[in-house]
Each structure stands twice: as structure tokens, then as C-alpha cells.
Amino acid sequence: MPRAAVPFDPHAVSRRDFVKVCTMAAAAVGLSSATAAQIVEAASKGLKPSVVWLHFQECTGCTESLLRTSHPGIAEVILDLISLDYHETLFAGAGHQAEAALQDTIKKNAGKYICVVEGAIPTKEGGIYCQVGGRTAVDILNDVGSKAGAVIAIGSCASWGGIPSADPNPTGATGAPMILKGKTIVTIPGCPANPYNFLGVVLQYATLGTLPKLDELGRPAFAYGRTIHEHCPRRAHFDAGRFANKFGDEGHRAGYCLYKLGCKGPMTHANCSTLAFGEVVDCWPIGIGHPCVGCTEQQVAFRIPMHATATIDRPVPPDTYPPIHAQQGRISPAATAVAGVIGGAVLGAGFVASKRLDDMDEKDGRRKTEEGKSKVVG
Amino acid sequence: MSAHAQPIGGRILTRPFRVLLGLFAIAGVLILYRLATGLGQVTAMNDGYPWGLWIAFDVVTGTALACGGYAVALLVYVLHRGQYHPLVRPAILTSALGYTLAGIGVGLDVGRWWSIWRVPLFFWHWNLNSVLLEVALCIMAYMFVLWIELSPAFLEKAQVSGAPAVRRFAVRALPIVNRALLWVIALGILLPTMHQSSLGALMLIAGPRLHPLWNTGWLPLLFLLSCIGMGYAAVVFEAALSSWLFRREPEREMLAGLSKGIIPFAFAYLALRLVDFAVRGQLPALFAFDFYSVMTLVELGLTAAAALLLVGEARRRRLGNLFRAAMLFMLAGSVYRFDTYLVAFRPGAQWSYFPSVTEMLVTFGLVAGEIMLYIVIVKIFPIVTVNERKTVAAV
Amino acid sequence: MKRRTAFKVAFASVAAAVGTAAKPLSASVPLAAPADAVGLLYDTTKCIGCKACVVACREANGLEPDTSWSGGLYQAPLDLNEKTKTVIKLYDDGEHRSFVKAQCMHCIDPACASACMLGAFKKREFGIVTYDVNYCIGCRYCEVACPYGVPKFQWSKAAPKMVKCELCNHRLAQGKVPACAEVCPRQAVIFGKRDELLAEAKRRIAENPGKYVQKVYGETDGGGTQCLYVSHVPFEQIGLPALSEQSTPTLQRTIQHSIYRGFAAPVALYGLLGMVMLRNRKSGEGQA
């Protein structure tokens, strides 16, 4: 296990390796090579941002997935790019020493450190269901988070409550944005979150001092702007109507679309299909043949049954073809009604008119008979 | 005899007039909207049915119903039946208004109406293969001819006008017009013969897209026979209606004789259609009782019913009967034209068309305007021949 | 007197009928394409439905995006329309699949050109049927006439035009080929002189027995077209109608020209009417 953070000594590694690390880091999260140079400059000046990592109701999966990155690897991150000043999993120390380190850091770097939150925060019964060093998670978050320069909630638990918040939610678990008010909180939902989404945000903040564009839930748009359905490798099968109907059937073996098996891809904003987890391509549910469970979405994950079919959130790009004779043009019922009324009125008027003329005929006939009679008489 | 034609007189701004004016105004507003926004917003026409109500009714059916002037002119000036002369002016007036309405309908329906003047003028660009060109030129010319044929009525009124300049002009112009009138009337017989038959030929270009029950080389002749009969029917219809509405004594003799003219055209039309079906092997299609077969049977049935109602002197003496027969025949011809242009035309099952409410309101309003103008003109100008009994206008 | 009238009318009708019938419809003479006729050859067996042609056509012709099918989000034309001069459609009956590219067929005897009053649609250079908006009044008779339903009207515009493929004649002038043919990644649609394309089509059919339907669509269909098709499924299924060798405007044109040849009949009729009416006026009973 890596030791606790030590002051960075730029002479401890070759410059070439160092630049490589920074470039890889920038590239991995889509920052330009110009930014890489900025990372190099900032880091070589010893200006590594302080990171305080809080753990609450979590499984530590998000940390674990971060440990499995390789470009940059967590070692490079911790040693070269950031100053990890408080992390309960990775710390060698514990107890009062750890708590003292935390208080020191937040005092020394007030307004500048990055506060990372992993895990949900229980709120029932005054939040007693998660306490560290005698303080509830709510208090810790409010204390540490309010003084941070940036707050990042990693994982679905910290973003909106995650699995602890599944019904009946006995602890009142909820996410950091619901507790810490008045601060911009970047949320990186996922179970676990894709570590590169996290690294991208951290490195941008560390280098440029800015946060990426966020959506209304605080999720970086570069990662959560599209649904899985919109960039799924099996999308062509969906469009062509090729589905796996049962686990293990021919369609499933052929790698067909998993929509009918309950894939929540159409309702789930994430980038799992385009940014591999753990360096292994296809190391994500759909990649191994299981429908997406929507782990980033509060309305989906741990709420909608895994194998219930999803609604399609956005109209799909019509990657389909029009038929030879596509139905076009429609008949308005209002128009037919009006036509009926007009037609009926005209015919009715004609009928009435003809009856009047019949009356005229009768009168005329009677008049002629009278005249005839009078002639005869006269 | 034209000396016996008199303005009917009476108030112009009656209630029926105001109602008709109101309907016409609605159409006017919708027309402005159509000119501003384009056809897609106002009509239900689409790429499957590029021609809709305005062509099928306002132009094609409307002009056929306005063939009264043509039909009566044939009777009076060619077949020399002078006793029908009193019917000439009212018939020409109806025709003039009807063709003007058709002209407005065309102007509304075409997409680039501001270019219409190029059609008669750019003769070096004329595509002599185009039947539509011939129809357009004939109708444009015929509209002029009709109003010129009617001009003696306006000039006669002008002769007794208050303004001396107008009087002088009318006194000088009327004899000139009267002398030239024979050649104008001859044109007024030639032109409708040409374009009414061509209105039939028009749909032949659709080729295989025109249903076999209508797709025959005899379409031009069938349209011509049908329209002459409709002309007589329209005159009978209008005369009977006028006598009721204007509370005038109807000219029973004339109407009885005129309506008899419908019979040979109905007979020729029916015979030609049936023989054509037989020769082209379409009799099974006629009795298939699908939508197309039923519509054809309706056309034939209405025609036959109208003719049957007119057989026999006694039947032709009864106004109510005449009116019904005339209505049936006009309906028969209208349905025939609707069918040829909208029902028989089959762009494919994926297309459907029914006129939109705005299309119908515009048509309805234009017809109302036509009726309104007719009433106004017969009240002001010497169109209708009156007899001794006092005439009191009811509309 | 009345019976005489009836007989006169009936006789006139029959005479007219017989007179018209006496001019038999000329047997369809196969029409020849212009010597420099160019066109397209589309091969359904090569098309992969990538729709690059649809996109290229839109760009080359400066057409607006057509997003009506997707509710304003994506470009996906449903059919040829006022914004779309070519479209890829799919035929799929479960057993057989084929893509088909639809565009103007550039007929040898185009119905649209026969219909157009002032020749806005006309067969011009290289046999391409082009559009001159200066002579268009938007009557849409061309749309009624075309057996393939190609010309489309700009319903949405207050100053509308007719829209259809013109074989990118503006690009031909610069020595380029139509955009669709240029961009097709599989050479499914190719551009060339019609006689060469026809020969190529026949060669493909001959060298691949069993692969194609044994016919080049457009060789004689509807009088022949300059855009030719070879297909592995029956042509009717991909929306190409079964037409006789006689072009669709022939019947109407023959009837019209028979009646109006040299404008003799109208002039004669006018003279006859004039004579009859003069005589009637002289006899004093009628009145002119």
C-alpha cells in the first residue's frame, strides 16, 4: 500500500517519465496536450492540489476502482499530481493522528482543497448511523465540505444515495448535494463510478482551476451527456430489431441487443460504453452480456427491477429506413364533419326549394282549373 | 327582345345579401392568409394529391356548372330556337360569374400566381403538347368573351345613366358591340367546346395512375356531353329558383322545352360510357362494388334518374320536378368531375386527401360571393326578362 | 321540331365519336434517347444503405435539412419531398431485403415536360430534365403527370418552386459528376452516358445468372428512362411501377394533336358557327 503523501521531489523521477505521466493523465480524460504542459508546469512547481477524501456509507468500491487505473496509475496520481492529505483507506495512520491530519489540512488549505465524498450520508435519527471519530457524517460533510475549494461526490452513493438509499431506506441515506447546500458539487454517479470520469474533473481543477460543464444534477456533461443507448456497441442490433430474448439463447450468444432482457441503457446517462473500466475492454455489464442496470440514475438503480424493460427517454436517431411507400397525409375528422354539414345544408336547401316549387305547381294547377271552369261557365 | 329585359330593382342591402357578403368576407380573409403563408398552411393538399378541392370543384366543376351560357347560345343562335332568347342574358351572367370564380380559384391554387400573366403573353414559350396550356388560354379568353357578351346589358343601363359622359359613351358603344356580337357569340361557343373537352383530356396524363373506370380516350367527349347537359340543367335550376325567390311567374314553356335538351346528352353520355366499358373489358370492374365501382354507378344512376324524370311532357311542365331533375343532373356531372380528378387519381395507398376546413370555407365563400353578385346585377341591370305581373324581389 | 333537335345532337355526337376514333392511336414507336444522353445506373446488390448519397445531394444542392420524420431532431427524409431530391428506402418482407435509391428518372419522354405549360420542366442538355423557375406558375400539373411521383412542390413556402433531381447539372458544368455518384462508397450508383450504362447493366445481368432480375428497368419502361436500375428483387417491390413501353403522356398527346392538328378544326368550327349564325340572323327569327 502506498505510503501517506510525501512532499514532491521533482528530482526523484526522470523528467521524461514525469512528462509522460502528465500527458497520459491529460489524454485519458480528454484534455489537450497544451493542458498536459500546464499540468507538468503546475506539478513541477510543487503546486499539487490538496485532496481530502471522506468516506461515509460506502463499500469503498469507488476507491477500489480508482486503484485500478493505469493511465495515470493511482501511484502516479498520489505521488506526482495531487497531495492526498486525508484518505481513510489509504492512510497508514489511524485514530487521533488521522483526525489531526484532517483538521490541519483543512485549516492550512482552506478554500483551496478538493473535498471528495465517497458514500451516502444517513440522516435519520440525527445521522447516527454513520459516525467517524464521534461526529456524524452530516457534521463532517458540512464542516469539511463548506471549507473546500471544490467538492466532488464520487459514486452513486455520494451523488444521490446509492444502494443504502434503496427502499425502505431505513437510515435515511442521501447524497452529498442534498446535505451540503450552497456549494457547487460535482457528482460522478456510477456503481462504481468510472475512475477516469473522476480523474478528469480532478485534473482539470488542479491544472486550470475550473470545473467542467455540469448538467442540472452536477454531472460532468463530457461523461453523462448521453445515454448508454445513444453510444452502445450493440445499438445496431437494436435498430435492426435483433434481440436476445433469454439468457443463453442464440441471440444472446450472438451478442444481440439486451433491451428485452431489461437493459436500462435508454434511461441511463453514462459513458461506460466508450470509456473502459479497469483497463479491460467490455468490462461492463453490457460488454459481458448482462443488461445495463442504470446504476448512475436515482430513478432507475435499485428501484426498477433489473429485468423490467426500460422506457426510451429520448427519440432515437432514426437509423432506420423509410419503407417503399411511407404513409403520408391524413384526413382531418373536423374537415369531414364540416363537409358533411355543408353538403347536407345544400341538399336540404335544394329539397326545400323543390317542395316550394311543387306548391307553386299545385297553385298554378288549381288556378288553371278555376280559369278553365270559369271559361266553361262563362 | 332585349328591350324586354329589365332590372328587377329592389333593395340591395337585404339580409340574405348581408349573409352572403359575410361569407364572402370570410373567404377573403382566408385568401389573404393563403397568399401570405403558402398553400401548405391553408389547404390539405399534399405531394400525393397535388390537386384538390379548388381545382376539382372551383375550376373543373364550377366551369361545367357555368356552361349555361354556352348551352343556351347553342340553342338560340345555332339551332335557331328564338323562343329561348329571354334565357340568354341570365345564362350568360351565370356563366360569366361562374368562370370568374373559376379564374379566382385558379389564381388561388397555383403556387406562383404572380407569374400567371406570362402564360398568355410568352407565346414563344408555349409548350403545344400541354393540354393545361390550352385549357388556361381558352378559359382566360372565354372569361373576356362572356363579359363582352354581357356588355349590352351594362351599356343599356348606362344609356339612361345620370352622368352625361357615361350616357354618351354608352350610346356610341352599344351599336358597335351589337354588330360585333355575332362573332363574339361564335367565339363563346367555340371556346367552351375546346376547353370543356380538354378538361377531360387533362387527367389522361396521369396514365396508369388514373383508375380504368375513368381512364379512357373518350374522356374529352364525355366531359363535353356532360357539360352541355349541365348547362341546360343549370339554366333550368337557376330559372326555377329565381321564379320562387323573386316571386316571378316562371316561363314554364321555355323551361319545359329547355329541359328536354338534357335528355339526348344524358343518353349519349350513358351510352358512350357503357359501350366504352364493354369494349375495354371494364364491365366486371363496374360491378365489383368496391369504392370505385360504387362511385361510377352513382354517376350513371344520377344521370339516368335525371333523364327519366324529364321524359314526358307532363313531367316537364311541373316546376318541382324540373328542379329536381336539374339538380340530379348537375350533381351527376359534378360527381363525375370530382371522381375523375380526385377519386380516379390514385397516387398510392399511402396517400390520402380530404379538403381542409379552410379550403371548403374559401370555396363556400366564393360561391356565396358569386350568388351575391348575381342578385345585385339582376337588380341593377337589365338581365332578366319580366312579364306583366309585378315582380317583387324576395332576396 | 324537338325530335329533330334531338337527332341532330345525337348525330353530331356520334359523328364526333367516329371522327375521333377514325384517327387510330399511333403504335408506340420506341423513343430514342438523345445521342449525348447521360444518366445513372443503380445496382441494388451493391447498395449498403449508408445514405451518403442523400447527404451529398443535400449539400451539393443547398437543400434544407429534412427533420420532419424525427420531430425536428435528426435528418431522415421519409420520401422525396420539397427538401429532398434523393432518398434511400428499404424493402424488407422478412425473406428478401433491398435498398433502393429514388430520384428523378430523367425519362426519355417525360410526362412532366409534356404537361408543363411554358416549359419550366424541359428536357435540355444531355437529356437532363431541368427546371427553370422563371416559367413556372406552380400549377403542379407536372406532379399529377409523373408516373414515378418525382416532382415535389414547396407546400411550406409562400413563394414555392418545384423540387426534383436535376442530375447535378450545375456540377456537370464544372466537369464533376452528380454528388450521389461521386460519394457512393460501393459504386452502387454510377454516372455515365446512357448507352454505356445500359451496356454495363446488361453485362452484369449476363455475367451473373441468378443474381439479378432479368431486366434493366428503364430500358423501355414508360418509353425509357435515363436513370437505370438493376435489382435482385422484383422492381415493383422496390417501388418502380410496371409501365408499358409507351410513355405515359402519349395517349393524351395523340388525342390532343389529332383534334387540334394545325389548329384547323377550331378555325373550321368557328367559320361554320359564324356561317350558321349569319344565316339564322338573316332569316330574321333569331337575333344576334
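Chains here go by letter, A, B and C, matching the order in which they are written, and residues are numbered from 1 within each.
The rule is simple: contacts are C-beta pairs under 8 Å (C-beta built on N, C-alpha and C of every residue); 3 or more make two chains touch, one makes a residue touch a chain.
The model shown is predicted, which means the values in this text are computed figures rather than measured ones.
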Can you name the chain that lies farthest from subunit A, using the mean of each chain's Cα atoms as its centre?
B
Given the contact rule stated at the top, which pair of chains has the most C-beta pairs in contact?
B-C
Based only on mean CA positions, could you tell me how far subunit A sits from subunit C in angstrom?
52
Averaging C-alpha coordinates per chain, one finds the centres of subunit B and subunit C separated by a number of Å equal to 32
Nearest whole angstrom, what separates the Cα centre of subunit A from the Cα centre of subunit B?
67
In subunit B, what residues contact two or more other chains?
46-48, 348
Residue numbers in subunit C touching 2 or more other chains?
79
Per-residue overlap in subunit A, given as positions that touch at least 2 other chains
325-326, 328
Interface residues, subunit A side, partner subunit C - complex
315, 317-318, 320-326, 328
In their shared complex, subunit A is touched by residues of subunit B numbered 44, 46-49, 240-241, 243-244, 250, 252, 318-324, 327, 348-357, 360, 364
So, in the complex, the side of subunit B touching subunit C is made of residues 1-2, 35-41, 45-48, 50-51, 76-82, 85, 109-113, 115-116, 118-119, 122, 125-127, 129-134, 136, 178, 181-183, 185-187, 189-190, 193-194, 197-198, 201-209, 217-218, 220-221, 225, 257, 260-261, 263-265, 267-268, 272, 345, 347-348
Residues of subunit C touching subunit B in their complex?
2, 5-6, 8-10, 13-14, 16-17, 20, 25, 79-81, 111, 113-119, 122, 133-141, 143-145, 147, 149, 152-161, 241, 243, 248-249, 251-253, 255-256, 259-260, 266, 269-270, 273-274, 276-278, 280-281, 283, 285-288
Would you tell me which residues of subunit C are touching subunit A in their complex?
49, 69-71, 73-74, 76-79, 87-91, 99-100, 237-239
